[in-house]
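The chains carry the letters A, B, C and D, assigned in the order they are written, with residues numbered from 1 in each.
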Amino acid sequence: MSMPDAMPLPGVGEELKQAKEIEDAEKYSFMATVTKAPKKQIQFADDMQEFSRFPTKTGRRSLSRSISQSSTDSYSSDMSALISLRKRAQGEKPLAGAKIVGCTHITAQTAVLIETLCALGAQCRWSACNIYSTQNEVAAALAEAGVAVFAWKGESEDDFWWCIDRCVNMDGWQANMILDDGGDLTHWVYKKYPNVFKKIRGIVEESVTGVHRLYQLSKAGKLCVPAMNVNDSVTKQKFDNLYCCRESILDGLKRTTDVMFGGKQVVVCGYGEVGKGCCAALKALGAIVYITEIDPICALQACMDGFRVVKLNEVIRQVDVVITCTGNKNVVTREHLDRMKNSCIVCNMGHSNTEIDVTSLRTPELTWERVRSQVDHVIWPDGKRVVLLAEGRLLNLSCSTVPTFVLSITATTQALALIELYNAPEGRYKQDVYLLPKKMDEYVASLHLPSFDAHLTELTDDQAKYLGLNKNGPFKPNYYRY
Amino acid sequence: MSMPDAMPLPGVGEELKQAKEIEDAEKYSFMATVTKAPKKQIQFADDMQEFSRFPTKTGRRSLSRSISQSSTDSYSSDMSALISLRKRAQGEKPLAGAKIVGCTHITAQTAVLIETLCALGAQCRWSACNIYSTQNEVAAALAEAGVAVFAWKGESEDDFWWCIDRCVNMDGWQANMILDDGGDLTHWVYKKYPNVFKKIRGIVEESVTGVHRLYQLSKAGKLCVPAMNVNDSVTKQKFDNLYCCRESILDGLKRTTDVMFGGKQVVVCGYGEVGKGCCAALKALGAIVYITEIDPICALQACMDGFRVVKLNEVIRQVDVVITCTGNKNVVTREHLDRMKNSCIVCNMGHSNTEIDVTSLRTPELTWERVRSQVDHVIWPDGKRVVLLAEGRLLNLSCSTVPTFVLSITATTQALALIELYNAPEGRYKQDVYLLPKKMDEYVASLHLPSFDAHLTELTDDQAKYLGLNKNGPFKPNYYRY
Amino acid sequence: MSMPDAMPLPGVGEELKQAKEIEDAEKYSFMATVTKAPKKQIQFADDMQEFSRFPTKTGRRSLSRSISQSSTDSYSSDMSALISLRKRAQGEKPLAGAKIVGCTHITAQTAVLIETLCALGAQCRWSACNIYSTQNEVAAALAEAGVAVFAWKGESEDDFWWCIDRCVNMDGWQANMILDDGGDLTHWVYKKYPNVFKKIRGIVEESVTGVHRLYQLSKAGKLCVPAMNVNDSVTKQKFDNLYCCRESILDGLKRTTDVMFGGKQVVVCGYGEVGKGCCAALKALGAIVYITEIDPICALQACMDGFRVVKLNEVIRQVDVVITCTGNKNVVTREHLDRMKNSCIVCNMGHSNTEIDVTSLRTPELTWERVRSQVDHVIWPDGKRVVLLAEGRLLNLSCSTVPTFVLSITATTQALALIELYNAPEGRYKQDVYLLPKKMDEYVASLHLPSFDAHLTELTDDQAKYLGLNKNGPFKPNYYRY
Amino acid sequence: MSMPDAMPLPGVGEELKQAKEIEDAEKYSFMATVTKAPKKQIQFADDMQEFSRFPTKTGRRSLSRSISQSSTDSYSSDMSALISLRKRAQGEKPLAGAKIVGCTHITAQTAVLIETLCALGAQCRWSACNIYSTQNEVAAALAEAGVAVFAWKGESEDDFWWCIDRCVNMDGWQANMILDDGGDLTHWVYKKYPNVFKKIRGIVEESVTGVHRLYQLSKAGKLCVPAMNVNDSVTKQKFDNLYCCRESILDGLKRTTDVMFGGKQVVVCGYGEVGKGCCAALKALGAIVYITEIDPICALQACMDGFRVVKLNEVIRQVDVVITCTGNKNVVTREHLDRMKNSCIVCNMGHSNTEIDVTSLRTPELTWERVRSQVDHVIWPDGKRVVLLAEGRLLNLSCSTVPTFVLSITATTQALALIELYNAPEGRYKQDVYLLPKKMDEYVASLHLPSFDAHLTELTDDQAKYLGLNKNGPFKPNYYRY
């Protein structure tokens, strides 16, 4: 479901300016526990290894079976950050008493999140945020483990809202936390059960769209509980954009077109994090990459990284591949498409399906030929073919996969945001939208370092004093650029 | 069919030492024509563009339809080198009178090769070199176009030899050229119809295995016609190994495991062309790569390229991925496999299926779980899983695709070798195995430059004299290292 | 002069949290003019080319001669952004009436800045911020051109303060703007002529140290005029740190040690912008790089970029080069130095001279041997030598050069900051420290794009509306990470 | 001295075709010893470490002092391969009885070579191959150590030949081996003392020019002793060209012009090993690189490596830097120079000083201004300046330094070639020019691996049999491309 793709977003900047940040790290009781207990931390490292060694122990068997069927990614090691968090915190049950209603994709990785929330003391009721993405065997395994799950692959729109309703509307059980992805659950509660908000301690939202809706509510003065925007945490952003796209641009293009990258001329529209990731990968594999940009600072970065910055018209006749990563609309127009050479590949890594003007291609003189799933040849009267991928929707979501490790970053961030909002003392958070505190962002990162066998250095007391920093972080000012 | 995978190969070096090379470029009448006609060359460039613009012209429609169905790769532009050769040479029909019997994979790209041979004057009869790889719609389109094709997907072993026999054994038609891939056709002719060799002007062979068989025949004094080893031409080698593996290692790993490359520790066994390609790609995407080598020169190259050179035992406990590229056998032993960490991925990019000792894993205490096509989890009694790809067979052939451009290099090389052997004056080639003359290798490369819009510089007379070179090449000594 | 190197800095974060930002771009009359005049912009492009073609025109001859003598860098093209700004704005004389007292390094590039300020209407009096760095011929040329300059190479401390005093203390001329680098000038005015501040409209400061002093004044409630922190503008930061260090780490090491990078093992302490720049360059040239970090987010970035994150002790015995980039103190201790292998090179790219504990090496059992300027061999009793560069001071400042282009970024930023503070309407800036408005940062970047022949794309009205952005920028929220 | 720079060379290919190769590795008694003694090899590793720890032991003090004064490069570790060879072989004194007359650059690294030859049993007399390059303190230290050295910095031409004569012409001492660099010594012996060749067992020559002279002698039937062309050994070639140029292009440009590489447009003429090295480095630092090529195979490699292949005229107006690496003459003509933009930098990394037509710039309308050592501004009448480096001579020799490690490769190769020729049984080598046997090339590489702490893998007997290789090498066929 979620919001219609074509709905315009206001400038990202505008939204973020409103984001409140909490700066005094010492206020977080949970974080304080975590970071002040080096002895337990060593303990945790042992635990994690044990987990890695025996991933099929009693009690998790049925779920891990369903997961291993649906993914061959190295599940157990790549979700280990969340498992660490679980082991670390399950003694103090920071979510004891929490009644969480959730609406997310229902996949193996989500299951590990839900399991973790339960292990930390929460009760959960869950529905799907998308009518197609539910892995039925995961839903079944969750249900078998006692979680109330209302979701299946291929729901109708009515089904979709019915499922959400069943999560919220239950006698004798009232949610006090919301975990949302896209804002549909939040929207439903606002519309049907506004009284529920009297008990809600907070909303955690992870999508661009959902966050946008929250900012709109906030602007309109209608946001009646604190909300945490986990979408814009540094760690999640870097993985969702720079690191993930660096790999998925190659994967998506290969799976759909088998194109050889070496020597290909490629134009990438937009040199933000997504564009930077795409360009780095393509350049490394021998493509010649051109950039288009509206922002002179990003354009200067492209220059320094070795890319020519051009207007799209300057290169459109010569390039083999066009990739959009702007967040903008109509970046590739029919006029551009008319001028592309035969066999040019066109795809979108940016925002929804607005970047390429696909609608302009649905005219009688052009023939569409579906040559493979997600691959259309659009054929001009003179025989020229343009290869359009995923009909202009996001290539990485449509034609490649997201590594479990990236999902682990998101899930860990969500869990920490829930813990923080649930445990925050009265008054720390107002009825507003907040960014994840930097210290928690750093904690998410630190939970993922063991996967790489990375060893952090600790500040000495003397050094911490010299730098004016707490030894446990946060280590950077809020707007440090990374 | 082809030879059993486990059959030992003698040292590559030994074979190649016998390869004869023809050095006087002026001897080749065909090449002379080609390279002395700059005016026609311009003409050719125009032709090619025309082709690119109208890829569905009458006469090629049925075939190109079948091709576009089986591949979404940019077919018309990526096979353009062969089309150029066709247009360039079809006036003089350099294969007029040639009766070519062929045994290769039957794919869209092969079809373009066969079409080209016919356009240059040859008659062709064809069978498949592999019982699984035939694209039936391509075979049908070729038959429809009047080529005698005997092949289908899923032949039995009897079918396989029957098809070969039907190509060779025909009243009133006797082959005078052989194009082989793997040596089965050559073997059959030797065994069943040795008299055919009285008319054969030459054999063109493109596989490691087939070339090996030819050298064995030569050593044994049984090779009774000239043979051209196109497998070891510079251009083909670079594309089959360095350039192609640089892309297919990423593709193969992603399609099978969705692994994230960033931060992963990988050991690559062997730093030859295949290893160099794999390492460059993995390093570029943020993996930390270790190398094992037996050859100190390659080891020193690895050092200079920024990789630590280790013995496998030094890193086997810590790596996330193991990739073999040695051409050797039992490089990864059961002992290594026992020491790998949970979720370690093991695969082979090198030679047949001998590099990883897969047999050693077929013991009762280990459980095999097939989690996806080409992906097995081998599970140790303590729960540790090793992710084995393609049961140790070649990852890039099993789990990724080969870009059309690479196949174009091979097909063009084969066509030129056929033309050369067919037109060579008496006495130029003896009953021996020859490498493709460097000048022809350079010509293959030059035919592929227009795809990249690359513009060669020509020597002035004065410069050519200074360098002691012919302006049309060859430009390098035979063993220049590129 | 400037502050003593060893003086501790408070956490960078702390300072920056106080930085105020002005967000409404439309407020700046100067910027509005600049960005609303596309026609004049084209004019300017022509002008600039003309300049490039005729760099020795009357009126600039003497200065450009002295500059060309002191630098072989492509002076005229690399300072072209500032020249553009000058040509662009000299019609409206935005600094008419400004009386600027400056204290900076006096080099060819500074001269172009001063010339520009004068051309825009200002009167200038100038002294040097460092007793060694003055290029005498530049000072002479400036004086000849009518600027009051008080500086020479090799001043004594008394000379230094006398020069500053001469700039400030003049009958009948009172400064209304301060351009400082290090804070000594500002300090002197506070101490000796506090009344001057009654006329001062603002201070522009570009150094870490000077900015720190301003924040201290601000905290103490003693800052009595607005100040602009140009040190932390995005563009300047990226060039001073990431881009510049990427080149100067190689340059500094080569000039001092002639070391070959290929295959060398290097540990880089700190993966901030400076560390990222160093690592990218070293990795690209075949070094094997290890990272130490205290911040888990930066550590995770290092992992994703392909570097092993270790504690210094883990690798200190094996590395060939140690580079500090932390901003911290005593990162490399005597204990580390004792364990380094023979010929290990140690140097600092980070903050002042605190990162390596050089003092600990001045003990009787160690012999120091100066083998070249900026290169000491410290020799242990057993003969082991450690190669210490620049006695632990900044390698890039001591042993390599800063490209003119980087200086142009800084000078342009300073000029814009002066224009903004001088023209700001009453009340826009309080008695506080401000960051350069993002729109101006973007303008600095845009002035440098012509050097790369980079062509920006402009938003259509429709796109600007969709994104909620002004077509002329700013294009990103204040804390966008770039 | 050496040959006039402008003297035309015949095609490299032609020369090399004549090079003879010895293939049966078992023939070499010395190599057999070396490679069959794993126990001693371990011993040697210990020895080497001991050396590294105590580089100033008695007996080497005076020399190492002079060396440390002239170079801050990590002398002791970077020449360790030669020291290893010395330690390894000094027991058997493979050069006992050898009387070597040498003519090379006289530097610290040469001194280590001469010391090694003496330690292995040889007597040496030495002169300089260049009138400028002698390090006087090194010559003095060698003399003090008892070697007959005739050389000083700044010899006249008469001095030069007098020194050579003094080496050869001595009563009671007659050379039986020649080590030459450039061919002047060999030439002198031919001219003045042809009888000396009756005792000479062989010539070892390392320069392109000297090797060319030997091939000319051989062609003319005048070569009366075996000669070893060490210039074209794989290891030396890779280090002299690819690896060394990858670093020295950056170093040479920085030291002369302080240019910033990021975003600069550069055209590199020639994509051989030198060009490949330059391009890799420049691309890595953010330059945009174009290639010109005459050879379609190299051009195709450039495409696959991500560079646009153009004719020089297509980009000459837009590039910031022009670099020649062709081995050809007049690659950059006056016409090109006329069209370059202001501040364009022009330099040569290829062959002698023929690549840029510098002579064409010595015309009255152009003004030359020397702005720094090795840097000229050539000024057109309209004020345009072209920045010419080293007057078109080799940039890396003129303006950067060669790392000791590279010199170690050469010196080790020379020492092994001397040992081989001196010990070869009658009849192994005829009166011809030979390439270094591959096994020795591999040995040179293996001696340099300990510097990188690289650990070779050994073949098992079974694997060696499978591959048809000797476990001790050689591991590749003669013309393997690396």
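One rule holds for everything that comes next: a contact is a pair of C-beta atoms (placed from the backbone, for glycine too) under 8 Å apart; a residue touches a chain by one contact, two chains touch by 3 or more.
Nothing here was measured: the structure is a model prediction, and the numbers come from that model.
Trainee: Would you mind telling me which chain pair, B-D or B-C, is linked by more contacting C-beta pairs?
Mentor: B-D
Trainee: Report back the single chain whose CA centre is most distant from the CA centre of chain B.
Mentor: C
Trainee: So the centre of each chain is just the mean of its C-alpha atoms; given that, what is the distance between chain A and chain B in Å?
Mentor: Result: the chain centres lie 41 Å from each other.
Trainee: How many Å are there between the centre of chain B and the centre of chain D, using C-alpha atoms for each centre?
Mentor: Chain centres of chain B and chain D, defined by C-alpha means, are spaced 36 Å apart.
Trainee: Averaging over Cα atoms per chain, report the distance between chain B and chain C in Å.
Mentor: 54
Trainee: Could you pull out the residues of chain D that touch at least 2 other chains?
Mentor: Only 243, 262-263, 285-286, 303-304, 308, 452-453 qualify.
Trainee: Give every residue of chain B touching chain C within the complex, in rising order.
Mentor: 262-263, 283, 285-288, 303-308
Trainee: Which residues of chain C touch chain A in the complex?
Mentor: Those in contact with chain A are residues 8-17, 23, 234-235, 237-238, 243, 273, 292-304, 308-312, 314, 327-331, 354, 441-443, 445-446, 448-449, 452-460, 462-463, 465-469, 473-482.
Trainee: Which residues, counting only chain A, touch chain B once they are in their complex?
Mentor: For chain A paired with chain B, touching residues are 52-57, 68-69, 71-78, 243-244, 246-247, 250-251, 254-263, 265, 280-281, 284-286, 318, 320, 341-343, 345, 369, 371-372, 375, 377, 382-385, 387, 400-406, 451-453.
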